[in-house]
Structure formats: C-alpha cells, structure tokens
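Take a look at these structures.
Shared between the two complexes below is subunit A, which has subunit B as its partner in the first and subunit C in the second.
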Partner chain A sequence: MIAWFSDPTHWTGSDGVFALVIQHLIYSGVALFFACLIGLPIGLYVGHTGRGVVLIAGLANALRSLPSLGLIVLLVILFGPVFTSDMAFIVPSIIVLVLLAVPPIMSGTYAGVAAVDPAAVDAARGMGKRPLDILFDVELPCALPLIFSGLRSATLQIISTATIAAYVSLGGLGRLIIDGRAQNDYYQMAAGAVLVGALALLVDLAIGILSRLTVSPGLTRRL
Partner chain B sequence: MAFSILKAAGAFALMALSATTTLAQTDPLGAAPAARTDKTTIIVGSADFPESQLLATIYAKALAAKGIKTDTKLNIGSREVYMPALLDGSIDLLPEYAGATLSYLDKNATAHSPEDVAKALKAALPAGVSMLTPSQAQDSDGVAVTRATAEKYKLKTIADLAPVASQLVLGGPPEWKTRKEGIIGLKELYGLEFKSFKSLDVGGPLTLSALVNDQVQAANLFSTDPAIADNKLVILEDVKNLFPAQNIVPVIAKAKVSDVVTKTLDAVSAALTTEDLIVMNGRLANHDSFDVVAGEWLAKHKLN
Partner chain C sequence: MITFDAVSKHYRGQTVAVDKLSLTAPSGKLTIFVGPSGCGKTTSLRMVNRLIAPSSGRILLDGEPTDTMDVAVLRRKIGYVIQNAGLFPHRTVAQNIATTARLNGTPKDQALRIAHELLERVGLSSAFANRYPWQLSGGQQQRVGVARALASDPKFMLMDEPFSAVDPVVRGQLQDEFLRLQRDIGKTIIMVTHDIDEALKLGDQVVVLRTGGTLAQVATPQELLARPADDFVADFIGRDRGYRVLGFAEFAKGGVPLGAEPTATLGATPETLRQIATDRWVLVADSMNRPLGWADVDSVKGPLRDGDLNLSGTLAVEGSSLRHVLDAALSSPSGRGVIVGQSGELMGTVTLSHVAEAIEAARTGRMGTQP
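Showing the complex of A and B:
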C-alpha cells in the first residue's frame, strides 16, 4: 500500500488523490451547508419553545434508519428524467448526505438549547430581553458545545458516506474504493479507505479547534 | 496488596493488547486461506448482475435435483473478484461467459467465433479448473445508444462512433476502465476516445437510466437485456470483433467434476437458449425471484 501511495501518477490528474479529495470536500461541504440550513433552525425552534419534541425525535430516528445506498440509486432513477446533465447524479448524492446529517445537527441543537441553565434564561428575561434576543444572546451561545458535537458527528457521517457518490459515477474518494473493488485492486481500495479516514479525522480536528475558539470559556470552565 | 493485584491486572491487559496487535499484523490484503471443511458440497458462485445470479441458481437447483449437495454464493462481484475465489477454492462452480473469461485469462486472445473461443478458453484455463460444454445461449457485451443518438449521428457500428466519440460520454461498469473489452479495447481497436467515462453498474438500472436520460450517450449493455427493446435502444455492431463470442459455459473446479455433475450441467447448457435468457431477464426485471424463475425454467425442460 505504501507503494500505491508513493506512485506519483496516483496523486495528480483528474483521477488523482488531490482531485478526488477536493471533490470529496465539495460534496461534503455542500451537504453540510444544507443540513445546517435545515437542522439548525428546527433545533433552535424546538429547543426554545419546547414544541414538537416528540415529532423531531421521531423524525430524527426515522431519517437515521434510511439506507443510503438504496436511497441514492432510487433517487438517481427518479431524478434521471429531470436533469440531463450530471446534476442527475449530484442532486441525489447531496440529498442523501443531507438526510444523513440533519438528525445529529437537529438533535444536538435541540438538546443544547433545552439544556441551557433555566436560571440564565430567567436572568435574561428579568433584564428585559426579548424572546429572540434571549435565543441568540443567551441560549445559542450556551448551547454551542452540544451544537458543535452534533455538527461533528454529522460531518463525520457525511465524509464517510460521501464515498457512495462514486457508486453513481461521481468522483470523491469513493472512486478509489469502488473502482478498486471492481478491478480487484485491493491496494487502491485500502488507500481509499485510509484517505477517507484521514480526511474525516482532519476535518473533525478542524471543527474541534473551531469549537474551542468560539465556545465561551465560562461554559467549559477553562478560565 | 491491592496495588500489586492492580499491577498484575495491568500487565495482563498489556499482554492481551500486544497479542491483539500481533494478530492484526497479519496482512489483511493477503489471500485468506480457504477454510473449507465440507469437501462434498458444490458451492455455486455468481457475478453481481441478475443473469449470472439466475444461471447460478439454475445450476444449483439442477444439481440439487440429482442429489448433489449445493450451496450458493451469489452476487460476489466482477470477474476480477470471483475468479480468484474459484482458484482459491472458496467457490467451486460459476456460470461464465466464454469470451470475457478468455480475455481475462489471456490478455492477448484474438479468438472470436464460438468454437475458437471455446477451444482457446479450454487451453487458457488455469490448472485445477475445467469447463464443461458451452451452451448455444449467448449474452454478449455491447455498446448501446438510444435510437435518437443513432439517427442523429447515423450510427450502425461501433466504428461509426469515431468522428463523434469526443462529444459523447460513455457509461459502463467501473472495471471497464482497465479491461480490454472496455475503454482500452475501444481505444486500441476502434481509435475511440470518448469525452469522458462514467462508472455506473453492470448493465443495470443506473446504466439504463443514465443512457435513456442522456447523462451518457453510449453505454455498455448486454444483448439479452429486455430493456433494449423496451426502450428502443440500438446495440452498435461490433465490426472489429472487440467483444468475443459469449457463450454461457459452466466453469468448475476439477476436483468437483463427476459424471453426474457433467451430465446434469451439460443438459442445462443444451436446453438453454438466448431467447430464454431474454425472457427470464425480463421476469427478473419485474421482480420475480431467482428461485421462482430458475425453478420454472428447470420444470419446463424437465431438469428438476
């Protein structure tokens, strides 16, 4: 496998590691963006008002049980007639990844907001803050550690599952795994798996650093 | 006292840990030894597309009807995966396509007619593996386009693609990237360089959907696929014989060959026709199970 990694032809070009990592990050980034767009507001709303807890718990669990590979093939066949371009493969891949990432983001945000110390919320209300100000000035900052933990688990799942985009002809690191299997080239397959793992760890580390920088020291007791 | 017990427990845990690492050091990519204890059962394997799975089911049922113990391992993968499995004894019997198997075993094979392919394949098979009588039934690889594409560029043969290939996207299974009956052969023999290649599935729903919906303009489909007629697709004629004759042939581990096995599978091969395959593939596409379709075919030919 070291030989596979040390072969320069495996790194450059349209099928090279660099190109595949970039594609992988693009799919993951776009999916994470949309998942946040959906998951964060719902989580904040439910956490703040306490309405619909049962609904989102049920929804989150139902979404988690969707089989990604089956769903992506189904969506490709459904979307096939809609787009003539590569969008017929990109849109289904992104949808599958978004569906995968929404539950952890949504539950993390909801749990974070719901777990904020009621005394802090009461104090803010006593100071005359409006509900939206309470949400954004008190509840959201206090909920950040749990929101970040939801975000981290969503990101890990997206990065490891973005490999299935290759199953429907797109790029990304899944290309190495799926082509390696079809061509009986286990070194290529193993290289793909190692790269996915390394990428997931790196991105997780980056989010970890981001959360250290943004979470108030008063919450983490790192004063 | 408690401290020393703790220390002992710690040392034990460390030993256990180091033992697991030594275990983990055995090369996971090396060939796993075939752990077979039951020598009499014939394990029938198949590739990862429905027709191959159906044929494997037919073989297994036909042998079982003659009182031979069988087991099936369907949906293994591409030839690059299941052939090594046959050689290392993880499986014993495969429904194979003569031409594709030949060029897998001998990259420079030139045989094209069914007889030549059968002869060349017999010679090329590795020690320990033999083939039985090929069936007249064929399922060849082909390059398919939609009727609209064929009319637009006046395509009849694969060679007609030459002036327009650079504008077209080709779709096929991932193994086509490195196979002679794939991108390599299309380039060497026909001089075709497509705009790009999309890795889809083995003539399955993804390939069909991509071709019909114009995400790819040419794709690898199989001649026994009923979807070709249903969707008004055109298989381009292979005038330079890139894809050799693909008669269906049982490939079997020599140790498992016996008179009964040979007679049973030869009877299956003799009864099987290309039309049967098209009809049965149509039924599989309509979600009939392998068992039912295989069982009915065997009953019809009194092989059960």
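Showing the complex of A and C:
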C-alpha cells in the first residue's frame, strides 16, 4: 500500500488523489451548507419557542432510518430523465447527504437552545431584550457547544456517505474504492478507505478549531 | 410609585394566583411582598414588568398605566433581579453588568465604565470584571445580578427572592450591603421573599399575602409586629414577636445607664484578679481596651491565659437596638452586658434590670403615642 501511495501518478491528474479529495470536499461542503440552511433555523425556532419538539424528534428518527444507498439509486432513477449532464448523479447524491446531515444539526441546535439556563433567558426578557435579540445574543451563543457537536457528527456522516455515492458514478474518494473493486485492485481500495478516514479526521479537527475560536470560555470553562 | 389597581391573575381559567390586589409601593421605598409558598408573590411581581399579563386590573408606574406601553420599553425602565441571578454564562462579569445600560442606548465604553464602578458599589473588586459567571460563588453572582439591574439607573426595581439561594451567613451580608446601597440610591423597589425575618429587616413597607393571592395586611415592620391584622398574619410572623420588636430603631433611643467595668489583662495573677474583682467575674481586655472575655476568679490557678476565658457573652455596639443590648446582658456569664464603641473599645456594662427598665420605658412611650 505504501507502494501505492508512493507512485506519483496516483496523486496527480484528473482522477488523481488531489482532484478526488477536492471533489469530495466540494460535494461534502455543498451538502453541509444546505443541511445547515435547513437544520439550524428549524432547531433554533423549535428551541426558542418550544413548539414542534415532538415533530422534529420524529422527523429526525425517520430521516436517520433511511437507507442511504437505496435512496440514492431511487433518486437517480427518478431524476435521470430530468437532468442530462452529471447533475443526474450529483443532485440525488447531494439530496441524500443533506437528508442525512439535517437530523444531527437540527437536534443539536434544538437541544442546545433548550438547554440554555432558563434563568438567563428570563433575565434577558425581564430587562427588555426583544425576542430576536434573546435568540441571537443569549440562546444561540449559549447553544454553540451542542450545535458544534451536531455539526461534527453531520460532517463525519457526510464525508463517509459521500463515498458510497461513487456507486452511482459520483466523483470523490469513493471512486478509488468502487473502481478498485471493479479492477480487483485491493491496494487502491485500501488507499481510498485510508484517505477517507484521514480526510474525516482533518475536517473534524478544523471544526474543532473553529468551535474553540467561537465558543465563549464562559461556556467551555477553559481559560 | 408603583400602583396595583384591582389586579387579578387566573391561570388557565381556574387557579386564582392573584385576587384583586390593590396597593401602592411608594417612591424611593423598599416594599416587600411576603407570604407562604404559592400565594402569588412571584406572579404579582412579574405582572409589573408584564412578564405575566394580568387577567384584569391595571398596574401604574408613577400614575402611568403599563398596559399601553411597549413591553420592551417598559421593562428597560425597571431593574429586574431574580433568585439565581440568571447571569449570561458566555459573557464576562463586566459585559453582563453593561447589558442593561447598552439596552438603554449607552455607548459601549461608557457602559463598561459604569459596570466597573458598579462592581465596587456591590462589594466586588474590579478584579472580577473579566471573570465569567462560573468562576463566581453564588453570593458573588447575586451581587453581579444586582449591579446589572442598576447599570441602566432605573427608577424602579423588582427583586424575586434575591438572597434566598445563598447560605445564611452570606445572606446576612448581602442584606446589610443592600440596605446600605438602597439608602444611597433610594430606588422604588418591590422585593419578594418567603422569609418573614428578611421582610421585617429590609422592608420600609411589608405586604403580607395569603394563599389564593389576597392581601392580608400592608404595614411597616413595626406595625406588623405590634398589631397583626388577624390570626393568619400573627401566625405567619411567628413566635418571638415581642422580642423582635426590640430590634427596631425606636428602641435604640432609650439609653441604658452604663456602669464602669474594671478590667484585667492576660497574664494577670489570681491575686491581682481578686483585687480587681467586684464579684466572681472579671472582664478581660487587650492592650487597646477591647474586651476579650470573662475570667472566673475562683477557677483561675496561675497567670491568666486565653484558655481561661469564658466567651459566651455577646457584645452590643453603642447605639444599637435594645435587642442587641438585651442579648448582651442575657448571654454574659456575669449578668452584665458588655457595650463597646464603634472600634470595639470597652464603653462599660449594663445590668439586666437597667435593660428591662429601658424596655419598659420605651414600650410605654411607644404605646402612649398610639390610641
């Protein structure tokens, strides 16, 4: 396998490791972006108002139990006639990644807001802060630790599941595994798995650093 | 002035939390709502800043009805302090305090300057400014909560059991400091407590509520102790009413004659002690003439040591209430209560009979002025 990694032709070119990593990151990033766009506001709304708690719990469970690969294939079949280009694979894959990432982000955000000290929120209301100020000055900053933990598990899921999407011809590191399987190139498959793992670790590390920079030491109790 | 005009609150139609409450909390005074748990104190308080909307009736601030005001604008005029402080955990102490000033439009630098000044006022050094709430004890958090309410310099303050969550020693300190603070700032305050002692100690006016949210009595602490309106109030105030009355300032005026008390110092021999003694007990003082304790002449064998002293007697500071003077006399092994000056130096002693006479004189004087 070391031999596989030391062969420079495996790294460069349109299907080299660099290109695949970039592709993988782009798909994952786009999916994470849309998942946040959906999950964060819903989580904030439910946490702030206390309305729809049961609904989002059920929704999260339903989404978690979806079989990712089956759903991707189904969507490809459905979307196939609609799109002509690569979009026929990309759009269904990203939709599934988003569906997968929404529950941890939504639940983390909701749990974070719901766990904010009710006395702090009461004090904020009592001193005359308006609802949106309470949400953005008090509830959101205090919920950040749990929001970040939701974000981390969503990101890990996206990065690992994006690998499966290579099955329906999506680019990214999954190509090494799927193509390696087709060519019985086990070194290439193993290399793909290692790379996905390493990428997941690195991205997790990056989110960890981001959370350190944004979460108040008053919450982490770290000085 | 905060006026309740026939204010009622029904939860979900059935529970009557507050029932046609009418009263006035006078300007610049501390009004205390007291009563058993569940009698509607918190509900009444929170209707003032409309965290709870009254079911009927009106509340007026300086004569202005609150039901037509924008709630956020209304709340910004009123300082709000709650039991567990409710500090913002992600903000430093200074940022927490500055919040109310910022809400009222004070520029950031100025708000932080105010925050630093207020820290000192509530008895915390400015070293606390950049700490986070988790680094503070409960009592310190509560002080910051008070400072935060004061930062916008509101005319009115609402305080819900502000000193209940801390241990009794800290509670006593916080109460004393708060009384001193209120003497300077003279806010119009409504404070809620379930602790009748706290109500009697702090209140200019005490509002006693009974279960079901009805008014039982509105009175000064003295009146409440002297003339409870009915059995409920009398029961609620509890035993020791007569003794507690002695704690009020009017009983400080009747002076008790001070007797001169000879003193010995540590190291005195049994012979010296016997020469000084007027009876079995000799008061021992340090080189600054501050009382240390009583020595029993009959049991001292060698030169007088720390361990020989009886420390049971309490000291009453000159000018304090008859409650303290009486306690000093009752607790002293010699039966003579020790009175000290402001810096702890011995002024003299009082006898139980002189204290009793002073109480009698004060009592008849007070009763004489009442019909």
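Heads up, the rule we're going with is that the second predicted complex is superposed on the first by the 222 of 223 C-alpha atoms of A that agree within 3 Å, B and C clash if a C-alpha of one lies under 4 Å from a C-alpha of the other, contacts with A are read in each partner's own complex, and residues count from 1 in each chain.
Please note the rule applied: contacts are C-beta pairs under 8 Å (C-beta built on N, C-alpha and C of every residue); 3 or more make two chains touch, one makes a residue touch a chain.
Just so it is clear, the structure is predicted and the values come from calculations on it, not from any experiment.
In this superposed model built on subunit A, subunit B and subunit C occupy separate space and fit side by side.
In the superposition on chain A, contact of A:187 is made with subunit B only, not with subunit C. In the overlay built on the shared chain, the residue A:8 is in contact with neither subunit B nor subunit C.
By the touch criterion defined above, A:218 lies against subunit C but remains apart from subunit B after alignment on the C-alpha atoms of chain A. In the superposition on chain A, contact of A:117 is made with subunit C only, not with subunit B.
Of the two partner chains, subunit C is the only one touched by A:126; subunit B is not.
Legend: residue contacts after superposition of the two complexes on their common chain; A:80 is shown touching subunit B, with no touch to subunit C. In the superposed model, A:138 makes contact with subunit C only, not with subunit B. Figure legend note: subunit B and subunit C, brought together by superposition on chain A, show a least Cα distance of 35 Å. On the subunit A side of its complex with subunit B, the touching residues are 1, 73, 76-77, 80-81, 83-86, 88-89, 166, 168-169, 175, 178-179, 181-184, 186-187, 190.
On the side of subunit B, the complex with subunit A involves touching residues 28-29, 77-78, 80-81, 84, 171, 173-175, 177-178, 198-200, 205-206, 209-210, 212-215. If you check the complex, the residues on subunit C that touch subunit A are 49, 51, 71-76, 80, 82-92, 99-100, 103, 132-134, 145, 148-149, 152, 158. Against subunit C, the residues of subunit A that register as touching in their complex are 117, 119-130, 138, 141-142, 216-219, 221.
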